[in-house]
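Next up: the structures, one after another.
Each of the next two complexes has subunit A plus one other chain: subunit B in the first, subunit C in the second.
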Partner chain A sequence: MTRLPVPRLFLALAMVLAAIYLFPLYWMYATSLKGQSEIFANPPTFWPRDPDPSIYPETWERRSMGRFLWNSLVIGTGVTALTVLLGTGCAYVLARYRSAWVDLGLFAILMLQVLPASVMITPLYVGFNQLGLLSYPRTAVILAAAGKAIPFYIVLVRATFMNVPRELEEAALVDGNSRWGAFFFIVLPLARNGILVLAILTFMQAFGEYIYAKSIITTQAYQPASVGLSGFLGPNSTDWNGIMAYAAIYVTPIVAIFVILQRRIVAGLTSGALK
Partner chain B sequence: MRRILSSVTDGRGFDILLVSITMIFLLALSGMPLVYNVVMSFQEVDMFNLNTFSRPYAGLENYREVVSQPEFGLILKNTAFFVFGSIAGQFVLGFALAMFFMMRFPFAATIRGVFLVSWVMPGLVVGALWGWILAGDFGVLNAILKGIGVIDSTMFWKSDPRLSIWAVTIANIWLGLAFNMMLLSVGLAAIPRDLYEAAELDGANGWHRFTTMTLPMMRSTIGAVLALGLIYTLQQFDLFPAITEGGPANSSNVAQYWAWQYSFLLFDFAKGATVSVMMLGFVLIASIVYVWSTRHEVRG
Partner chain C sequence: MTPQIEIASVDKHYGAYHALKDINLTIPRGAFTALVGPSGCGKSTLLRSIAGLESITSGNLRIAGTEMSGVPPRKRDVAMVFQSYALYPHMNVLGNLTYSLRFKGFNKEQARKKADEVAQVIGLTELLERYPRELSGGQRQRVAMGRAIICEPKAFLFDEPLSNLDAALRVHMRMEIRALHDRLGATSVYVTHDQVEAMTMADHVVVMRAGVIEQQGAPLELYDNPANKFVAGFIGSPAMNFLDATVAEDGRSARLEIAGKPVLPLARTLQPGREVTVGLRPEHLRIDTAAPRLQVPVRVVESTGSLTYSTTETEPELMIVEQGRGRYRAGETLPLTIAPEDIHLFDPTSGTAL
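Let's turn to the complex of A and B:
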């Protein structure tokens, strides 16, 4: 846009902006390493005086995080599997054709994408209750959360399929492949990267899902880590280093995956959301 | 029968099968609940008839009762504040950052990508982080603001009724800022650079270039980002239980949390459904704007 005499100055400014923006994340790790008295120091210490990582195993044990994270993993995996299974084929068809029916389908999906979970939870809860699904609370949450995740997944995976050249698929059909064969052996491998990125994003969202799990799962043994955290979090919390240690254990895997796959996730998101 | 089978393996039936399974699933888990929600808002629902389908018809009674609640006006005001405050903050800051990262300097794209980490974090964890940062006596934000001389006295972000809605709005701006910036960057990248060079040669200054070139060419992107902002802000739920629980005295309560409180704290499912239906009106307006702005994309 403009001629830059000192790009390094901009680089420095960008890093300062990123540091300010990511300060909450730093503050989580810093607080978790402080002692019970140091967190209430006034003014606060920006670097823990005496970092004490023993709070991590202690919080893990005391808040039974193993069980909570296992449930988050079950729900995340279930939602991702269901979403990929149901969403991929639908996205493929919606990318392959252009007709009034396809436009209508896309319109319906875009509309479903915008429904707030807090609006859907009341009828879903009452409906699941009537169907007896509440006795299988984790399955109920997986179904509800997948219903929320699929429209978003379809919109973005469809954009990936749009980039697969039609000619390759037609060549495979001419060579005697069936539609299934062409889909599984030609189109899917070519769209692999986009599907993978969106599956990971779906998993991350489901791993942190809160409102459905909080409303549907009342048995503590089946609750995910988000509900576990809400159990000792609120306007009057005082156990802040414990909360921050819990939060750090919970989000570190997600943050790590994001940092490793950052480029691909950003590319996958921006290719389809808007063009 | 054989014709249908061969169509499924090798013809139009294949496409119809793939789409219809998904559509049936979505209809069962999104479409039907949506209708059911509207039905319940016209019924009397209590713990005894929760499991049956035949419930007494209540007419507009639920709506009348919701509107006449003393907190109704306050919650409406808070929802508007939360929605417009969040969108304005996310959009203005996101646009500024997107413009900044469009300039050519090393690692611009990488550093910009790192911002998106806020978007993948669980909402409840973001709420926990901001709940601690905004704490009154020991919060780091108060310490920083005092340090640079912006405030003299401690601000009780979470327990002062005049500030509590600000607490959740600030947290939500942080959460959505990166996503806004990312979408706006995509729009900015689509504007050809030589246009700017030509304008610069013709003597247009930075402000002129922004108002007469950037803004008009970004119109459909801006429409989509604002509509998505409205949609995501009305979807935001996790920050409320984490930071203020809607309090003190509903001063930070918004429609989406109120609906949930009715259903799952007071077990008044009919009122929860009623508040939800009222919210749906706003969501529909936003989604029409959104679909309209993405129509170029939809047609491929």
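Let's turn to the complex of A and C:
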């Protein structure tokens, strides 16, 4: 039996593309472990000749990363909590009721999804200023970023809810549940995977949020790690292994979460998380 | 008999759509009632209104004497078996069976004991720990039944519960459901689009069309005395043959409007010259070589061995069911006769039985 080489070719192509995309990640770890002179060596070394992990604790201390990461964590958690709490209810309603108003609502939500953060930031900034929210900069960022994350969350969680057959809810109602009971005991457990996956994606995105945090938070003590990292980069910056070490510390937890949960995330995104 | 479900002048509107039109129906305690009709006739809407999953626009609906309009499903004390079974996929069979008991104040041991009893009745004892996805269609059907009987409801509501099963299993489950109904002395309302199911299972059949009850009564009464052309065509399989005809000069026979204009004697006298629709059941048309009333050419002959279905070449075509293997082949002429009392007559415009 002769097999066409096409699938293999595509596989090879996919591997090459993946390698291109993953290379910067590798280069980040490699560079962080190199010495100053080795970074600029030509030809470059692909494996550090003399790996020096001491740069990690040093950068952590010098750039007060504990505080930055804490702020990132606060913002990420806040955005995720707000998104899941508000978005889940919205998504359920939009999945269960059909009317012209619902269609209009969905359209508006998709529109919100289209607007980029860089366009939204100016009106948001002015609005927050009027409301006095700028005195609570992290809360302001949480609100702004959640506003950006919720549409995406609603659209995808709605799809998950639509995969939960209506008859199950009706069976629960006849069995003695109230409307709320049917939602919490039957629908939510069945949509759990989808909700979990989207909560994780929302968290990962909010953890790396940059534009809103950079614009709204002026006090360094409240800035997240993304903004802290950009403080490194100047026109004359040379501390490349410091920057790379910082980036590595910042990114590794997210990469770890993704690697651990990737099976679930992929399954949840493709299958609607149920059957 | 004491009425268990009383439906009086019930109307249901979905916006401009009139789904149920002045429905009046009384279901006695312990009866097995089938709601039957083509899709979109309102039978499911009526069932769901009884369950409380749909609200009625006007009229009265009483279960065991208590007015139910505005009462949520959980307070109606009914159980429903859905077409898709609607088993909770995240719970095992035990969880599915006992789910409703947690709202009725049962503790864990009581619920377990009850589940064991029910599992015994429906033959699921071995499967209590399994999840719905690990069960076959018939087993899922049984769990759905078990979930309904465990809470000893005032009425069982079935929404086309057998349509997802294969033919053999369907016939088997039909008997099982009916046997269960008799054993429990329950009141059942059964929605189906399959008239055979309705006829074989129910004590009382309600034929619906376009939101209206066309006729209700005992199964064979509907078969023998259909109130109109729709019921006549719906009940019985294969369906009744309808032919245009004119009442002859003597008033005691009808001339059929097919090739050859054959004349059939009637069991009663009608006004001569009156136009009628004649209904002839395929199983009432007999082959009679001695004194045939009508001679029709055959186009298709299909035999199952026990029964033979012949379709004629006429316009409109006739269907004839014959016991055993057919003696005639396609292209030959069938000599047919029918007893005068087996001929149904309908008004050609209104469709009402004469």
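The definition used in the following text is that the second predicted complex is superposed on the first by the 245 of 275 C-alpha atoms of A that agree within 3 Å, B and C clash if a C-alpha of one lies under 4 Å from a C-alpha of the other, contacts with A are read in each partner's own complex, and residues count from 1 in each chain.
In this text, contacts are C-beta pairs under 8 Å (C-beta built on N, C-alpha and C of every residue); 3 or more make two chains touch, one makes a residue touch a chain.
Just so you know, these numbers come straight off a predicted model, no measurement behind them.
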Clash-or-fit label for the pair subunit B, subunit C on subunit A: fit
Contacts of A:L143 with subunit B and subunit C, given as first, second, both or neither: first
Touching partner for A:E170 - first (subunit B), second (subunit C), both, neither: second
Which of subunit B and subunit C A:W70 touches, first, second, both or neither: neither
Subunit B or subunit C, by number of subunit A residues touched: B
Spatial angle subunit C-subunit A-subunit B, Cα centroids [nearest 10 degrees]: 90
Touched partner set for A:L229, first subunit B, second subunit C, both or neither: first
Which of subunit B and subunit C A:S178 touches, first, second, both or neither: both
Partner chain in contact with A:W60 - subunit B first, subunit C second, else both or neither: neither
After fitting on chain A: smallest Cα gap, subunit B-subunit C, Å: 8
On subunit A, positions contacted by subunit B and by subunit C: 178, 274
Residues of subunit A that touch subunit C when the two form their complex: 165, 167-168, 170-178, 186, 189-190, 274
Footprint of subunit A on subunit B - complex, ascending: 9-11, 14-15, 18-19, 21-23, 25-26, 28-34, 36-37, 40, 45, 50-51, 53, 97, 100-108, 110-118, 120-133, 135, 137-138, 140, 143, 146-147, 158-159, 174, 177-178, 182-183, 185-187, 190, 193, 196, 200, 206, 221, 224-225, 231, 234-235, 237-238, 241-245, 247-248, 256-257, 259-260, 263-264, 269, 272-273, 276, 279-280, 283, 286-287, 290-291, 294, 296-300
Residues on subunit C engaged by subunit A in the complex (per definition of touch): 51-53, 72-74, 78-80, 82-84, 86, 88-90, 99-100, 102-104, 147, 151, 157
Subunit B partner contacts - residues on subunit A that touch it in the complex: 1-2, 4, 7-8, 10-11, 13-15, 17-18, 21-22, 24-25, 27-28, 31, 39-44, 86-87, 89-90, 92-98, 103, 105-112, 114-127, 129-130, 143-144, 146-148, 150-151, 154, 162, 178-180, 183, 201, 204-205, 207-211, 214-215, 226, 229-230, 233-235, 237, 240, 243-244, 247, 250-251, 254-255, 258-259, 262-263, 265-266, 269-270, 273-275
